[in-house]
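Note that the chains take the letters A, B and C in the order they are written out, and that residue 1 is the start of every chain.
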Amino acid sequence: MSDLWILSPVLLTLGVGIFLLVWSFAEHILAAKAFRPAEPAAGSKPEKEAGLKTVHGLAVGTLLAAAVLTLGAAWSGDRSVTLFYLMKDIPIYFHIDDISRWFVTVVTVIWVLVGIYSTVYMQHEGEEKRFFGFYLLVYGVLVCLDFSGNLVTMYLFYELMTLASFPLVLHNGSREAIMAALKYLFYSLCGAYMGLFGIYFLYRYCSSLTFMPGGTLSPEAVSGQAGILPVAVLLMLIGFGAKAGMFPLHAWLPTAHPVAPSPASAALSGIIVKSGVLAIIRVVYYIVGPDFLRGTWVQYTWMALTLVTVFMGSLLAYREPVLKKRLAYSTVSQVSYILFGLAVLSPAGFTGALLHVAFHAVVKCGLFLTAGIFLFCCGKTRVDQLAGIGRRMPAVLWCYTLFALALIGIPPTSGFVSKWYLAQGALHADIGVWSYVGPAVLLVSALLTAGYLLPITMKGFFPGQEESSGSAEDTEQKQRVQADTAGAAKRQEPKAAMLVPLLILAALALGMGLLPGVFTDFAGGIAALVI
Amino acid sequence: MDFIRNFSFFSIVLSLFSGPLSSILGRKWAKRVNTAEIILLGLMSVAVLWYVLQTGEAFVYTMGHFPAPWGNEIRAGVLEAFMAAFFCLIMLLCMWGGVRERESEIEASKQNLYYIMVNLLLCSLLALIYTNDLFTAYVFVEINTISACGLIMIRQNGRTIEAATRYMIMSLLGSGLLLLGLCFLYDLTGHLLMSNIQEAVHALVANGQYQTPLLVSISLMCVGLAIKSALFPFHTWLPDAYGYSTVSSAAILSSLVSKGYIFLLVKIFYRVIGFDIISSSKVIHVLFAFGIAGMIVGSVDAIRENDIRRMIAYSSVAQIGYIYMGFGLGTTAGVIASIYHVVCHAATKSLLFIAASGITDVSGGSRHFEDLTGAGYRNKLAGVAFTVGSLSMVGVPMFAGFISKLYFAQAAVGHTVKMLPTLIALAISTILNAVYFMKTVIRLYTPVKDGEKKAGYGTITVRQQPVKAVALILFILLNVILGLNAEPVIGLIRTGLEMFS
Amino acid sequence: MDFGNLFHNYAEAVAMILFGIGFSNLLLQKNLMKKIIGLNIMDTATYLFLALKGYIDGRKAPVVVDGIQSMEAYVNPIPSGLVLTGIVVSVSVTALMLSLTIRLYRRYHTLDLDEISTLLKKEDK
């Protein structure tokens, strides 16, 4: 039990998170305010300033400390902790392996950067104590999720993550946000139940529910009774795929992500959806084992679902006028790239998927933060309002452009590396016609990605003169655009606390593409282990 | 510490005699005495539990010191003592949670009667738990029915009287069958004490004598108790009885009364007949089939229901189906899962009833689904409590319901034939549960549009109802504790079942 | 099937038939009074069965008279005790049922349970 300290970051974030929540709750009771946060009253701001500084300091300090502890725990070797027994032979068991390391590092980097960004951004959303409270809670749960060493522990924290993250979605308390949050909750629960159903079955067919590279399926239990097992596995894939936005349970994602405050959307799109990916990796590669699925109808169905999602997500994103919603659809599509890489069940595909997990987290998080800056500084949500934005905040738009290039997969950005591996994996895998269809769909989707992301850059830097049509609305809009353009004449970059995380993310997106060796080696090492 | 041996007997007698006491006291004092008595009984049961765990074996208390074949006995083991303590805890919380409704919905002159009924009910429950004599069990089953009927009809309106009548009729059918089964068994074995019957039954089975009458007797008792605990298809009385009575009655009925019968059934399985004989008989297949049917039908009915209280009541039908399904598996693992489900259902369902009453209070007293919009904001604690209860019923990890489903699944997995039906039924019923409970939670947290505001949409804060708030918070804690750390409870159940034989 | 056995135990057979009659009355009759009568028939049938089990041909009720202490002189007293207890239970249950019936009748002026249900549904609307 000497390794118990690896849970210290969890304890720390949970403790501080709960403290902030209690603080926020106590304030509500004392002030007898309505649950719905009133519009931040301008007059009361100065007096609250001091308290807010404490909150920010506390939250960021906790995050940094927890990050150091987490990374320390993750990179200090394979450690495991058995906390207590949930049932007779099922402990709450944590074990750090390479997958845990990979995911937890991604989570930590993103979480800290977004946390710093939020200290400024959340000022216009209000209710910061509650936000940071839940933000820290989710971090603690995510670390537990990544460290989980068996299926039931993972499931436990998977559900907890849903419950802890859904207050982030409904943060502003509007009707729309609440309905979106409830939709998120409902989809996640339904998905998780399909997963749970599979877990019931795996009890019988597996020698243990502890994660083992290559799977723990026991052959003597499977033989003769395997008819139902593939169905159960497919249900688990679809169920856990709900979190990852995989068709057919993807519909919550474009609803929930845009209504959340931008840092929360960044965290949701960058990290939370990846926990669905983690769950699928654990199930397929660590419990069921890729050999069981290879060549079965389950693999083909899964692959078809991911490809449908890839294409559909891109198409919907292309047609979507609201920037954050467009990014959410883009997440639907991009995460299914990862799932496709997992579905081909080849080492290269797996490597590509793992790389894309990290790259997409960085890139999508950066994109949402950019969208948040547009919203925060100029109140712009729709794509067509963004014309000329580049003159006002060129640095931000340059970052955006870099992220866009990375998401499309243009060398030398990071996205290229992962997509290269994905395509390689598909081409060299023994999956019949799919090894050509897959890369083709990925390519078309990449073109669509360029089509929905790059126009913003172009319009942003070169707004041009829009042709005036007759209607009054257009004229009004044109006037506004002109006014903006006029106002944007002088540069007005956002505060450093918002800009610096963005720059770091941009540097990461580029840097990981320039020096991919370390990452591909690490991911390749895991791939060699499990397949 | 041997005087603790007397506690189980004293707790029955104490609850019997505090009934008359509360009839002569004033209303306030009757309430206080009642609370004190339940707490005292709970503490005594805990003491018994502690004593039994210390000595490591069950003890028998002979009433009036008449020896075994003639005298009447009380027997306390780990499971009995745990159940008694747990029932006292739930009873206490139910009484606290419904205190305000009780005082407004029941005529002032009849409130003392309520405490008498509660005392009588608790007495009969404790007797059902502790008794070692089958005929005594029958008598207390009837007392239980009568007091439960009183609890239903004490809130006087047409609905409750009709519900009480229907409840009585079904219960009497059940107890008639139970009594006949007992008579058969007495005829076959010549004994009424459970341990003696078991010896005789084993001798009969070993000699191959009287197999058909034995089977008839077992099935009569099973069917009788199944009717009384509202197993599908005998559940028709349940929604009205739970739906229209005052809230603490509904909570007590759903979480304790039916559970008392189920516990008696477990005792019959293990102490009277012997579980090896039960599990090789065909009766359990019938229980299994009806349990699964109940799981599905109860949930479907709950989805179609428009009244929140009746919805929760129908959900009880589904949960009782779970319990019988566990019995039907015919393994000790299944029975352990069922008993754990008894515990967690008691903790959850009473929470739901009490939270639902808090929700209807802020919705103009209406229980219709459309009127509950946004009630989670008007009564925050009740909203949170209802959400916790729903999540537990649906089976979200961290709450009690998840663990019991996990145990059911684990118990089913060891079974070759019944594995698939059980798992599929679990999955379907979980999704159905999610549909109606999440539907309600979503409704509770859907903000009200300005045009839709209705009269009676007041707000209730924690400070206005401190007692209820304490009860709800304790219930929430209980659910979380049962959900996070179930192993000690399971351990108690396991040792208790081992002590049974 | 050995029907001779059935004939030999004709009293038990009668008890079972009575039980069936009472049970089906309690279950199927619409009229509350008839239901209660059914309940009583059912209970009585059980007591008949119990009493038969305790009865031994040619012996007396277990009350010590004339100083005869021998066990062989009396029937088994336990079933008689059970019957007495059962009667007490049955009386109290019947009383409760009757009081419920009276209340329902005062409210709805009918003894038909289904009719009461329809009336209740109308009341709700």
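Here is the rule we go by: a contact is a pair of C-beta atoms (placed from the backbone, for glycine too) under 8 Å apart; a residue touches a chain by one contact, two chains touch by 3 or more.
For clarity, every value in this text was computed on a predicted model and none was experimentally measured.
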item	value
Topology of the chain contact graph, where touching chains are joined (line, ring, star, complete, other)	line
Furthest chain, CA centroid comparison against subunit C	A
Distance-to-centre winner among chains (Cα means, whole assembly as reference)	B
Centroid distance [mean C-alpha coordinates] between subunit B and subunit A, Å	44
Length of the line joining the C-alpha centres of subunit B and subunit C, rounded to whole Å	28
Euclidean distance of C-alpha centroids - subunit A vs subunit C, Å	69
Contacts with 2+ other chains: residues of subunit A	none
Multi-chain contact residues (two or more partners), subunit B	none
Of subunit B, residues touching subunit C in the complex	135, 138-139, 142, 145-146, 149, 153, 158-159, 161-162, 164-166, 168-169, 172-173, 176-177, 179-180, 183, 186-187, 192
Touch list for subunit B against partner subunit A, complex	377, 380, 391, 394-398, 403, 405-407, 409-410, 412-413, 419-420, 423, 426-427, 430-431, 434, 438, 441-442, 445-447, 449, 485-487, 490
Subunit B partner contacts - residues on subunit C that touch it in the complex	19, 22-23, 26-27, 32, 35, 39, 42-43, 46, 49-50, 53, 78-79, 82, 85-86, 89, 92-93, 96-97, 100-101, 103-104, 107-108, 113, 116-117, 119-120, 123
Parts of subunit A lying in touch with subunit B, wherever the complex brings them together	34-36, 84-88, 90, 152, 155-156, 159-160, 163, 173, 175, 178-179, 182, 185-186, 189-190, 193, 196-197, 199-201, 203-204, 228
